[in-house]
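Before anything else, here is the set of structures, which you'll find just below.
Below, chain A partners chain B and then partners chain C, in two separate complexes.
Moving on to the complex of A and B:
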C-alpha cells in the first residue's frame, strides 16, 4: 500500500494546508475562540496562540509538518502572526491552484496536465517572491507608512497623549492573546519590567533582547493564585530549594559562589574503593575549607551533590543549592560577572560574587524556592494564574510580547536610504549617525485589516504593467480582513471604504512629516481594534512567500523506513513549555 | 483532452451555468473536507502522509491505529446521492423542488394581480418568474436528454394553475394533455392582455408583461413538443 516514490500534486498541497487553515480559523480574529488541550494525565491547557495549536497537532504528513515548522520559526522571531501566516498561505495556494488549473500552459507546454500545473504554480510563486524581495518594501514605505504612527522606545514610559503608540500596541497584543480582562494589567507589568531593566543600558533594545533570551530564567510561574498577584520580585529567583538548612535572614553582605562540582573527574590513579572514598572525602573537606576561608556562604551547584558534600557544607554553615538549571547559572554569571568554577582545586576571587541577600521564598501553595539578589539590582517576574495551563499561556504571551516589540521597532529595511533621497528634511531625531541604521524607530498602524487594504490598493495601482503573480498577492491579501469580519460582511465593506478614503488621490502627495508623530488620524473609529506593527506584517508576507515557494518546489515524496534526522522533531518538541516529552510520532 | 495546444489558440469561453454549478459544488465539497479534517485533527487524530486510493484525500489515523478517509466514509455516504455535481437524479430532484416551492406562492399573485389593488397588495417579490426561469434553464442544462421532455412545460407553470406533466409520457396520452395545456395557457394569455389594457399601476403592468411573455414561451414549447 505504501508507495516508495510518490508524485506530489498541487491538490495534495492545497488539501493539507486547507486542513490546517480550518483549524486556525476557529481562533482567528477578535471573535475567535480558544482551543482546549487535554492530556491523558489530566492536564489541561488553553490557548489561542497559533503556534501552540499547530505544534500540538499530530501530523505525519511531510508538507503539513513543513508548514508548521515554518510557522514555528516565524513565531520565534516575531512572536505573533502565526494564524495570519496560515491563512495567507492557504489563500495564496488556492488562488495559484485556480490560476494554474485554468491555464496550465501559461509559461511553457508540458506533457501531462499535472506536471504543467505544478510548473505553472512554481513559476508564479517564484515570481511573487522575486517581486516581494525587491519591490515590496518600497511599496510599503510609500503607501502604508504614511498612514501609521511612529513608535520608539524613547517615549516608552511617557504618559503623554502623543506617545501612546507603544503602549497601545502592547495592549492590542495582549488583548489578542489573553482577552480583554488582563490586557491592561499585563501591559503595566511589562512596562514596569522594562523600565527597571532599562536603566542599566544605553540601548533599550539591547536590554529587551537580553530579556527575551533569558526569559526562562527570569520568570516564575505560580498556579493557584489569582492573576492580579503577578508582580515583580527583587532579585534573581533560583527555582530550587536549599539543600542544606539555611539560617533565615542574614543582614551582612554574603559571598556567593557558583560551583560545577564533579567529584568523580579527578581520579587519576585507581587505588580501590576505600582509598577512593577517603580521597574524595579529604578533597571535599579541603574544598569546603578553601571556600570558608574566602568567606563564601552560598554555593550554587549545577549537579546533584553527594551526601558527603552536603554534610560538609552543613558543618561549615554554608547554604547549598543543587541542580540549578543552566539558564539560571548563565544569567547569574552574566549579571554578577563571575565565572563558574570548573576545577575545584583552583578557587580564586574572581569566582566569588557578592550578594545582597539570600532567602527562601514561598510562592503559591507549592513552590518553595530560594531567592538571591546580587549587588546590582535585578527584578524577576512572577506570573500567577489559577491553573498551570493559564500561567503557561500568560508566560508565553509575555515572552512573545518581547519578540513582537523587537520586530516592531525595526524599520522596514532599505527604506531609510530610499527615502532620504526624496525627503531631505526629516524630523527623525533618533537617527544615529553610524552606518548601521540603528534607528529603533518602527511604525505601527491600526489593526483590523488596514495594512492589507492599503497594500491591496497599492498593488492594484502598481500592478497594471506587471505580471499576473502580483494580482494573485493582491487578491490573497484581502482574505485576511475578510476573515476578521467574517461574522458581518457589512463591517468588511465599511472598513474597506474607510481605509480607501484615507488614501490621497494624487499618488505622490506626501507631506514632509512622512510618519505621523501625533495621535490618531482624526477618525478615532479606526483605532478600535488596536494597533499592529508594519514591520511584523512585512516580515510575515515575506515569510509566507518563502514558505510558499518551498512548498511548491517539492516534486516527489520519498519514503524511508529509518528516521533520517530528528532535528526538526526535537526542535518542535523541545520548545513546548512543558518539560515532559510528548510522543508526537 | 487535446494537449497539442501550443499551435492552436484556444478561445476561452466563460463556463456555462451548469459548469459553474459543478465547480461551485466541487469547491464546497473541498471546503467540507477541509473542515472535517480540521475537526478530526483537533480531536487528536493523526494526519498521515498517505492518500486514500479511491478519492485521493489525505488519510487520518485515530488512536487505535485505524485509518480513516473523511470523504469516503463520511461525505460520500451521506450526500453523494444528493449532490447535483455527482448525480443527475439529484439534479432533477433539485429542480423539481425549486419548482414546487415556486408554485405554492403562485396562487397569490393571481389573486393580487388586479389593477385596482393597492401598492401594498402587490407584495409578490419581483424576481419570481425570472428566478424560476433560471432554475428551469439550469435544470434543462443538468438533466440528461431522455428526461428533457417533462421540464419545459412545467417551467412556465409559475403563473398558471399547477399542471403536473406525466413522468413517463406516452405518445397517445401526451396529445390531449398538451391540448389542455395549450388551452389553459391561451386563456391566461387572454386574461393577462385584458388586465394589461386596463392596468393603472406600474408594478402590475410589469408583472403582467412578464406573465404574457412566459405564456408565450410555454406556448412555443408546447408546440415544439407536439411536433
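Moving on to the complex of A and C:
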C-alpha cells in the first residue's frame, strides 16, 4: 500500500504560519492581553508567553509543529521573543511568497510554476541565512549598538537609583509577560532575590545561572492570596510536612540526609515471624541511635518511611521529613555540601550538615505546611496569586527573566571568528569595518521597535550593493514595529522618524546618544516602552532565518502509520513526521 | 475569518485517538454568550448572599444526595464550568474560601460586578485594569489606617464583639434554620470553644489547640454544649466505681490485631508446623502483662486490638478503647501527654504513659467517656445538635467556618462593619478620593482625566451593587449622605417614612434621625467625604465581618476581575 503523499506548496507553509500568527498577535505589544486555556483535565491556564500559548495548542499539522518546536527551542534558551519570532517568520514568508509568485523564474527555469516558486523561495531563504551568519552581527555592532548602552549584573543588585536602565529592562520584560499591573512589583522582587544570592565570585552570571537551574526547588506557588503577598523568605523551603513533631530546639540542630532506610535480606531462623519483626525493629533503632550519636536532630528522607521508623525518630526527638523531592535534595546538597547517605549502616560526618534553624511554615490554601531549613544566607521565593494558573504564569515569567538576562549578558559577536573561517562570504561585499570591533556584553536598546528601525535602516544602506534577499529581511523587519503600533499608524510613523533622525550622527561612544521612544506621543498618551536586549534580538533574527530555511527545504509530507508500541515518547514526534529535505539541484 | 476555520483544522490532539479540535474564542468578553453566562452566575450568587438569602438545592442527574445550601464553597463547586472564564473565576474564589472560610460570596459578586461594569463603560481594558489596581491600593491603604471609618477594634476583654462577629457568620448561613435564641446560643458556644483553644500561659510560640466537633441528630439546638477535654465513645457499659482519678493511660498507634508489621522488605521463610498465630498472640499478651504491671488503667489504640488481648485487659479492670482513628490521635496526645507506641517488641517506654481524669457523661441515648487533664488544656469538644441531618451538616460546616474566622482575629484584632456598610463607606471614600486626585493620578496611570473618573465610577458602582445584593425582598437600598452607611427600606415603605421604617443602618451603629439625607444606591449622588462616627456612640455594631478575610476577598476579587478583563483569546480543549 502506498504511503499517502502530500505535496507542500509555499502557500501551505504561509497559511500554517499565519494561523499561528493570528493567535500570538492577541497578546503581542502594549495593547496585548492574556490567552486563556483549558486542558482536557479541566485545568485552567493563562499566559501571555508565546512559547506557552503555542505549545498548549496541540497541533497536528507537521509544519505547524515544526515551527512551534523552533519557537520552543529559541525561547527556552533566551526566555523571550517567541511572539516576535512567529511574527517575523510570517512576515518573511509572506514577502518571499510575494516575490516568488511575481517572478518565479528568478534563478532557474523550471517546468512547473509551483516547482520553480519553491526553488526560488528556497534559494532566497538560503541566501538570507548565509547573509545573517556572516554579516548580520557586524551590521548590528556598527549600526545598532552605538544607540544602545551597557548594563551589567552589578547594576541589578545596586541599591542606588542612579542607574535605572537594568531596572527598566526588567520592567519591560515583566510588562510583556504579566501586564502593567504587576511589572514593578515583580521587578523589585527579582532584584531583591538577585541581591540576596549575590555570590562573591569572579563570574558575575554565576549566581544567576545557579538560580535559573535550581528555580524549581527555589520557588513555592501559593494560590488564594493576592499577588502582592509574593515575597522572599529566608531559608530553603522543603515542600513536605514534618512526619514527626517539629523540634522546639532552635540552636544548631544537625542533619543527616537519609535516602533509603531499608533492612537487608535476612532469612529468619526457626524461631519464626515474631523474631523477624523484632529484629527489623532493632535494626531501625540502631540506625537512629547512630544518628543520635552524631547529634542529628533533623532527618530528610527521599522515600516514605514506615510508622516504626517514625515512632523511633519521635522517641529520639528527631524530626523527620519524608518524600522530599529529588530537586530539593539536590539543592540542599549543593548548598550545604553534604552527600546523601545511601547505605544506612555507614553514616559519616560528611553526611551531616549544620542548620541555622528549622521550623514549620504555613503557606497556601491547602494547608501545605512546609518545613524551612536554613543554611547560611539562602532565600526562597514565594509566588502568590488568586488562582493556580496565574501563580504558574508568574513563576514562568520569573524563570524566563533569568534566561533573558543571561542571554542579554552574552556578547553579540561571540561566534564571529569561528564563522569567518568556516563560511567565507561570497558575493556580498564585505563590510569595510574594522575587525577589531569590541564585543559588547549586556547591550540594551529602547524597546518599541528601535532595534527593527535601526537594522532596517542599516540593511537599506547595505542592500544597495547587494542582492534582493537582503531587501526581504529589511521589509520584514518593519512588520514588528507595525504591530506594536497597530492601534495607531500615526505613532508608527512618528517613532520611525524619531529613530531615523538620530542615525546620521553616528556616535562612537556607547550610551552617548541613547534613543528615547518614551515620553508623550501623540495626544498626550504616555507610551513608555522600556528597554530590550540587543543580544536577544540578534539571536532571534538568526533563529527565525534558520527556521525559515528549514521550512522551505521541505517539499513533501509522508503520513505513515506507526505501530503502537514503537511509539516515541516525545509527544511532538508521536505521529512520525517523515518529512525531509530533498535537494533538486 | 478563514484563518479561524483553518486554525481548527490545524489543531488536533497529538494522541493516537483523534480528538475533537479545540474551540477558540476571540475577544471573549465581547461575545454575548460569555456575558450572559457571567450574568447568570452573578444572579445565582447574588441571590444566595446574606442572611435573607434564597437557598439553592443542588442535585445531580444520577440521583445523588440533594444538598440545600447558600454557601459559596458548595455552590461554586456545583457550578460545572461551561466556559473557561467561569472556571477561572470559580477557581480563584474557591482558593480564597479554602484559606479564609469567609467572604466567598462577597468576592464573587464583587468580581462579577466589576467585569460587568467594565463591559458597560466604553473604555480600553488596559485603562480599566490600571485604574482598578490603583483604586484597590487606595482601598487597602484606607482599611489599614487606624482611623478608618468602617473598622472596629476588637476588644478581647469582653466577649461581646467576638460573639457579634461569630453571630454574623452564623446568621449569614440561613440553611441552618436557626431561631434568634438558637443562633445566639451557637454563637456563644463558638466563642467559648475558641477561647478554650487559646493557651493561657504563652511560651515563645503560640500553638492553638483543637475543637473536636461531635454532631448529634434529633436533639434541640439549645442542647448543644462545649466541654474542655475529649469525649470518646464508650465500648460498653462501664463503671468507674473503683477507679481513682487520675488514671494512667497508654496509647498505641501500631495495630494490635496480630497482623505483621509493615517494615522492611526482608524475605520471610516459615518452617512447617510453626504456629505463627499463637506466637503473635503470645507476644501481644506479653505486652498486656507489662502494661498491667505498670498500673495502666486506660488502654487506647488507634487501630484494632486483638480480641484475646482485649478480653485479658478487661478482666484485669482496664478500660479498653480501640479504633480511635487518626483524627483523634493528635488531640489525645496533646491532652494526655502520652507518646504513641508504634513498636510491639520492645518494652513500653516510660514516656508512653500519660495521665488523665475520666468521667462518664450520658448524652441522650449514648454514654460518652469524658477525658480531661489535671491541668489546663487547649483541647475541647463541641457537641452540636439539630433536628435533622441536612441542617446539622450545614451547622457543623458553619461552626468550623466560625472557628476559622475567630482565629483570624488573633492575627489582626479588628473587624469590619457588616450589613453592607463597609461597601457603601468604601464606595463613598473612593469616589471622593478619585475626584480629588484625578489630576495627579491620571498621568501616572497613562489615561485621560475623564477615563479615570469613568473607571472609578464603575469601581464604586460595583462595590455598591454588593451592598444592594443583601436585599432580596424587593426593598430599596439607600446610602446616607453623612456617614455613608447602608440602609434598607422595605418595599411597602416610602422614603419619607424612612425614619420610622429603618431605625438603624445595616450594621447597627448609626441611628436614623430627622435631618439625615439619603440617596438611593443605584442613583447618582454628589460625592462627599464620609464623616467619622463620634467615638462616644452609644450603639455597638450588631453585624461585623472578618477583617482579614474581607480585605483578602477584596484584593482577590479585583485581581481576578483584572485578569479576566485582560483575556483576549480563549482556547478550550473540549475533549
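To be clear about the criterion, the second predicted complex is superposed on the first by the 456 of 585 C-alpha atoms of A that agree within 3 Å, B and C clash if a C-alpha of one lies under 4 Å from a C-alpha of the other, contacts with A are read in each partner's own complex, and residues count from 1 in each chain.
Following the convention adopted for this analysis, a residue touches a chain if its C-beta (ideal position, glycine included) is under 8 Å from a C-beta of that chain, and two chains touch if they have at least 3 such contacts.
Just so we're clear, the structure is a prediction, and the values are computed from it rather than from any experiment.
Student: Spot which of chain B and chain C makes contact with more residues of chain A, would you?
Tutor: C
Student: Is A:35 contacted by the first partner chain B, the second partner chain C, both or neither?
Tutor: It touches chain B and chain C both.
Student: Now for A:60: first (chain B), second (chain C), both, or neither, which partner does it touch?
Tutor: Both partners.
Student: Which holds for A:23: it touches chain B only (first), chain C only (second), both, or neither?
Tutor: The answer is both, since A:23 touches chain B and chain C.
Student: Quick one: classify A:113 as touching chain B (first), chain C (second), both or neither.
Tutor: first
Student: Would you sort A:350 into first (chain B), second (chain C), both or neither based on which partner it touches?
Tutor: neither
Student: Is A:11 in contact with chain B, with chain C, with both, or with neither (first, second, both, neither)?
Tutor: It touches chain B, and chain C stays clear.
Student: Is A:306 contacted by the first partner chain B, the second partner chain C, both or neither?
Tutor: In the superposed model, A:306 contacts chain C only, not chain B.
Student: Which positions of chain A sit in both the chain B and the chain C interface?
Tutor: Overlap of chain B and chain C footprints on chain A: residues 15-16, 18-19, 22-23, 26, 35, 57-61, 64.
Student: Would you mind writing out the residues of chain A in touch with chain C in their complex?
Tutor: These residues of chain A touch chain C: 15-16, 18-19, 22-23, 26-27, 30-40, 42, 44, 46, 53, 56-61, 64-65, 179-181, 223-228, 262-268, 270, 272-274, 276-278, 280-282, 284-285, 306-312, 314-315, 364-366, 385-390, 524-526, 528, 564, 567, 571-572, 574-575.
Student: In their shared complex, at which residues does chain C touch chain A?
Tutor: Chain C reaches chain A through residues 3-4, 6-7, 10-16, 19, 22, 24, 26, 28, 81, 84-85, 87-88, 91-92, 95-96, 98-100, 124-126, 129-130, 133, 253-254, 260-271, 274, 276, 279-280, 282-283, 339-346, 349, 351, 443, 446, 448, 552, 555-556, 559-560, 562-563, 566-575.
Student: Of all residues in chain B, which touch chain A in the complex?
Tutor: That would be residues 1, 3, 5-6, 30-31, 33-35, 37-39, 41-42, 44-51, 53, 56-58, 61 of chain B.
Student: Where on chain A is chain B touching in the complex?
Tutor: These residues of chain A touch chain B: 1-2, 11-12, 15-16, 18-23, 26, 35, 57-62, 64, 105, 109, 111, 113, 557, 559.
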